[in-house]
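Dropping the structures in below, format is structure tokens.
Each of the two complexes below includes chain A, the first together with chain B, the second together with chain C.
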Partner chain A sequence: MWRRASLYIYALVAVIYLTLPFAWVAAVSFMPEREVTQQHWWPEEPTIGNYSLYFDVEGQSADVGAAIARQFPRAIVNSLIIGSAVMLLNLTCGSLAAYALSRLPFRGNLLLLLFFLGSRSVPGVAIMIPMYLLMRSYGLLDTHLSVILSHTTFTLPFTIWILKGYFQTVPLDLERAARVDGCTPLGALLRVFLPVTTPGLVAVGIFAFIASWGEFLFALLFTTTIASRPVTVLASDFAQELQVPFTVIAAGGVLVILLPLVLSFLFQRLIIQGIGGSVTG
Partner chain B sequence: MARVRLKNLTKHFGDVVAVDDVTLDIADREFLTLLGPSGCGKTTLLNMIAGLESPTAGEVWFDDRNVTAVPPERRDIAMVFQTYALYPHMSVFDNVAFGLKMRGVPAEDRKRLVLEASKTMEIEHLLDRKPRALSGGQRQRVALARAIVRDPGVFLLDEPLSNLDAQLRVVMRTELKRLHGELEMTFVYVTHDQAESLILSDRIVVMKDGQIQQIGTPESIYDSPANTFVAGFVGSPPINLLNGTLEQSAGGAWRVVAEGYACGVAASMIERMEPPEGQEVFLGVRAEDIEVGAGPTSDRSTSEAPDSVSDHSWSVARASVVVREPMGSDLYLTVAVGGSNVKVRTRPDVRFDRGDSVNLFFDPEKLHLFDGESGTSLTLDI
Partner chain C sequence: MTVLRPSFFMSRTRDFLPLVLNLPAVILLLAFIAYPIGISFWMSLHRYNLRRPDQVYFHGLENYATILASSEFWNALWISLYFTFMAVLLVIVIAMAIALLLHESFRGRGVVRALLLIPWAIPGVVNGLMWVGLLGDYGAFNAMLEDTVAAVNYLFGINIVYTGMASPFVALNAAIGAHVWRSVPFACIIFLAAIQAIPTEQYRAARVDGATSWNRFRFITLPWLYHAVLVVAIFETMNGFRAFDLIYALTGGGPGDATHVIAWQTYKEAFARLDFGGANAYSYLITLITMTLAIIYIRLLYRRGLVQG
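Let's turn to the complex of A and B:
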């Protein structure tokens, strides 16, 4: 009884700890500016005025921060392009690598896996300059591709690890049955293996997308104009402009959070299955 | 319909020899069982017939076609796996229909064939369900339906009953036998369960360490095992193996002697071999080929005790009952003879109990003699 109760209390504390900053940002985004200075926790006169700046297509507004806010839709599209590409790269490269690692007993299998894991322990700052020089020499600065490639380098190892573990729970007999039933090796992969492992694929795909969506360092480093700038980098511009109302920044924050949040809720079941579950024949 | 021939088939996994030079001719429509303990190479052999493993050396032939290099999808086979391996993302109907779809059978024919197969396997009411909503027995039926629906030439079964509980196993065993009678297919069946192999097979191949130990009908495997391994593996309870020395008495009669027992050997058996005097042998006798009688000190006599262990008798002295196991229709007695235990199957009305002194009578016609070193049968004509 007490065990159970304390478990719930712990869970509740964790939930509050994790969601409170977001909840507050969301609350502030609906407040008129003066309520923030009065340190309200909840908007007493809720307004959506803070969001109007971001959808000011004609560019009429001369409010502080409007110039940045106006670029938001374009930056979100950039983030979408980058995130989707990172997700696709992760899924194709990751699933092939994980399949090989989980099914083919080749020499150096474990070493390779440990190498992938090890690469995750290198902080991004450490390889910042070589990465920049690389991108520059290939003429990739200020392109989507530079951000996509850099994001893939740190999401792919994680993807391979998760997928490898997930793929190993798929009984080998399932593919053998497909072969006997008339599938080529590729056919067995496409018609039986991939459909069966959908939860795992969805989970790592969304993780990769969200990781890319929230990444800041490399995106800041490689992008200079709105042609390639993702929304995280653009949002940081607010910090450079004095006097931008806190409420407007909060509205921008909500816009940035929105998509990952919706994705996580939509695919909640599959993500949990993909991370904690297994496939049974 | 297909005759399957394996020619000098060998499979190495690294340094491990899983299958060692196996040559086997499986007749069309035969029910052949590969029997052996786990790790004996039987499943690897089956996988090579299926094309799921490629042999290190040797050839696989279906009728007059060398299929050694043909991938599984282009061999005319169906397979049932130990884990059933149903596709979890498809309904039962789609599971059964999958192989037909892959082979380009039109949708209408597919439906008709799936219904036919599900009727045979009695799973018509399950066609809309997903595999996870089925019980073990139902999954097994679906797996069988998926295999028979394509009307393959060769039907491969890899321990299909081992994941079922004991009762269901008996039911499905009968079902398999019925299926083999109805379908005109060659069945190759892998199991480690000797009872299954005896009940189902036309012929049994007993394997150990990747090598064939014996090939024969269930009767011949049971009655004339080629070596101590086969003798010990096939039959329940396992055959009693007693070591001893072959001796010829002054009168010319042969017997096996060791501490605690002496056993006469029928002349007809001796004629079939050349027994060197003093050869170390294993004497094999099955539990049901032993009669039990009251020993010298027992008064609960149900049969006549022998006078003594003489040249001409085939009896055992100084034996005492260790365990009594009534099984309803039978009674099993474990009897200590010299240093070893002998299992005896007798009638349930025999009264001997723990501690009783008894005499054992071995049926001389049913004795088996094996070489004391190699374990090879000395009495089998090969």
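Let's turn to the complex of A and C:
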């Protein structure tokens, strides 16, 4: 009995820890400015006024920061384009490499694995200047492609590592059977292996998408206008405008978080099993 | 006379496919990680300030000497070490606590599991903005901290003045707290998987032998989790040293230089002072530090025989 009760108190503390910061911000995003100064926890006169600024496409509003807020829908589209491309590149390059590393014994595979892991340990700030100059010399500044390439390179080592672990959990007999039936190695990969490993691929794809959606440094450096600017950078631009009320910033924050949050809820089980299983396995 | 065995040719063709499969990934990483890091090293050996584009010349390790002699670097390094150490420690403890909870069976466990990913889904820069609000003048946590300080003052008859984020101590530790909050879910996922891999017979046997729950944790759970703890420590050490977006949004390096972590210092060097030579030297030093730490961790893994090479 005591054990049960303490377990539930424990769970309650964990839930409060995990949700309270975001819950407060979400609540604030529905408050009129006055209520924040009164330090309310729950909006007494809830309003969606803070959000309307972001969807004022015609541009009638003259509020502070309205010019930036109006760009929000475009920025979300930019983030979607970048994130989807990063996800696809990760899945194609990552699954090919991980398949070779986990299935086909070849000389130099340990070396290659160390190369992949080593490139994961290079911090973004360490390569930001050469990357910036590289993108500038190819005329890629302020394009989606520059951000896509940089995000792909820093997510790819992790993708390969996770997929390699995941692929190793699939029994070899499946492919052997396919090979006996006359499949080429690539045919076995496409017809037998990929369908079985779909949960792992989905987990890794979502992971790469969310990582790209949230990345900030390269996105900040490479993009200058709304032609390519993703939503994380726009949100920080917005918050730096003086005198934008925090309620409006909070609404913007909620809009930025919405998609990754929904994705992580939907694919929660796959992410937890896919990532956890292969990191420790 | 050398006899070429048929297996020699066979292994050649067998090696060909895996290399082709790895090629796209290798090309991407060579072009956008290996090549830049090479260029970065080369630039770090030059005097290269964008404000003086006419004066770009090679001057060896001069940039490194300047940095190692500057108090800014040692200040940033010290702050980063403190930041990273505290972050690794707190992430491991909190994530372990939540993972152990999620391993128990109770009603509503699914809900807790679903909520677990919330902090992870929030982009670092938005996390920073959130905590600006939480710790700002009207923020929820600011009010709590004020009350706590007031209570402590009352209880102990002392007089600590709480100045919120204007205090270097509060700002740095708040940044750590926000960073930890966002890092807990990932570590927790790894711990949870590791706990679930522990054979249950061991617990049953321990129970039969009358082991207390603390001893079961100490002598069964913890040894089984050694590998997972090291993996999390590696990840979090790297994350701690590269903390940038949170600092950018939450403190902007301030107050004063209280939250000048080394990634922030590098960014300032490059894009505020436009000293590309010096900034590259900075970034090389960060890479060296994180690599050294990673090697130490990996050696620990080897010693335990947990990595087969």
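Methods note: the second predicted complex is superposed on the first by the 255 of 281 C-alpha atoms of A that agree within 3 Å, B and C clash if a C-alpha of one lies under 4 Å from a C-alpha of the other, contacts with A are read in each partner's own complex, and residues count from 1 in each chain.
Here, a contact is a pair of C-beta atoms (placed from the backbone, for glycine too) under 8 Å apart; a residue touches a chain by one contact, two chains touch by 3 or more.
Every value quoted in this text rests on a predicted model; they were computed, and no experiment measured them.
In the superposed pair of complexes, A:266 makes contact with neither chain B nor chain C.
Contacts of A:190 after superposition on the shared chain: neither chain B nor chain C is touched. Chain A is touched at more residues by one of its partners, and among chain B and chain C that partner is C.
Judged by the touch definition given at the top, the superposed model places A:119 against chain C, while chain B stays out of reach.
Contacts of A:181 after superposition: chain B is touched, whereas chain C is not reached.
Of the residues of chain A, those at positions 279-281 touch chain B in one of the two structures and chain C in the other. Interface residues of chain C facing chain A in the complex, by the touch rule stated above, are 11, 14-15, 17-19, 21-22, 24-26, 28-29, 31-37, 39-40, 43, 94, 97-98, 101, 104, 106, 108-109, 111-126, 129-134, 136, 138, 140-141, 143, 181, 184-186, 189-190, 192-194, 197, 227-228, 231, 238, 241-242, 244-245, 248-249, 263, 266-267, 270-271, 276, 279-280, 283-284, 286-287, 290-291, 294, 309. Every residue of chain B that touches chain A in the complex is listed here, in rising order: 47, 50-52, 71-73, 77-79, 81-89, 98-99, 102-103, 131-132, 146, 150, 156. Looking at the complex, you find that chain A touches chain B at residues 171, 173-174, 176-184, 187, 192, 195-196, 198, 279-281. Only residues 4, 7-8, 10-11, 14-15, 17-22, 24-25, 28, 36-37, 39, 41, 89, 92-94, 96-97, 99-101, 104, 106-110, 112, 115-116, 119-131, 133-134, 149-150, 152-154, 156-157, 160, 185-186, 210, 213-217, 221, 232-233, 235-236, 239, 246, 249-250, 253, 256-257, 260-261, 263-265, 268, 271-273, 275-277, 279-281 of chain A touch chain C when the two sit together in their complex.
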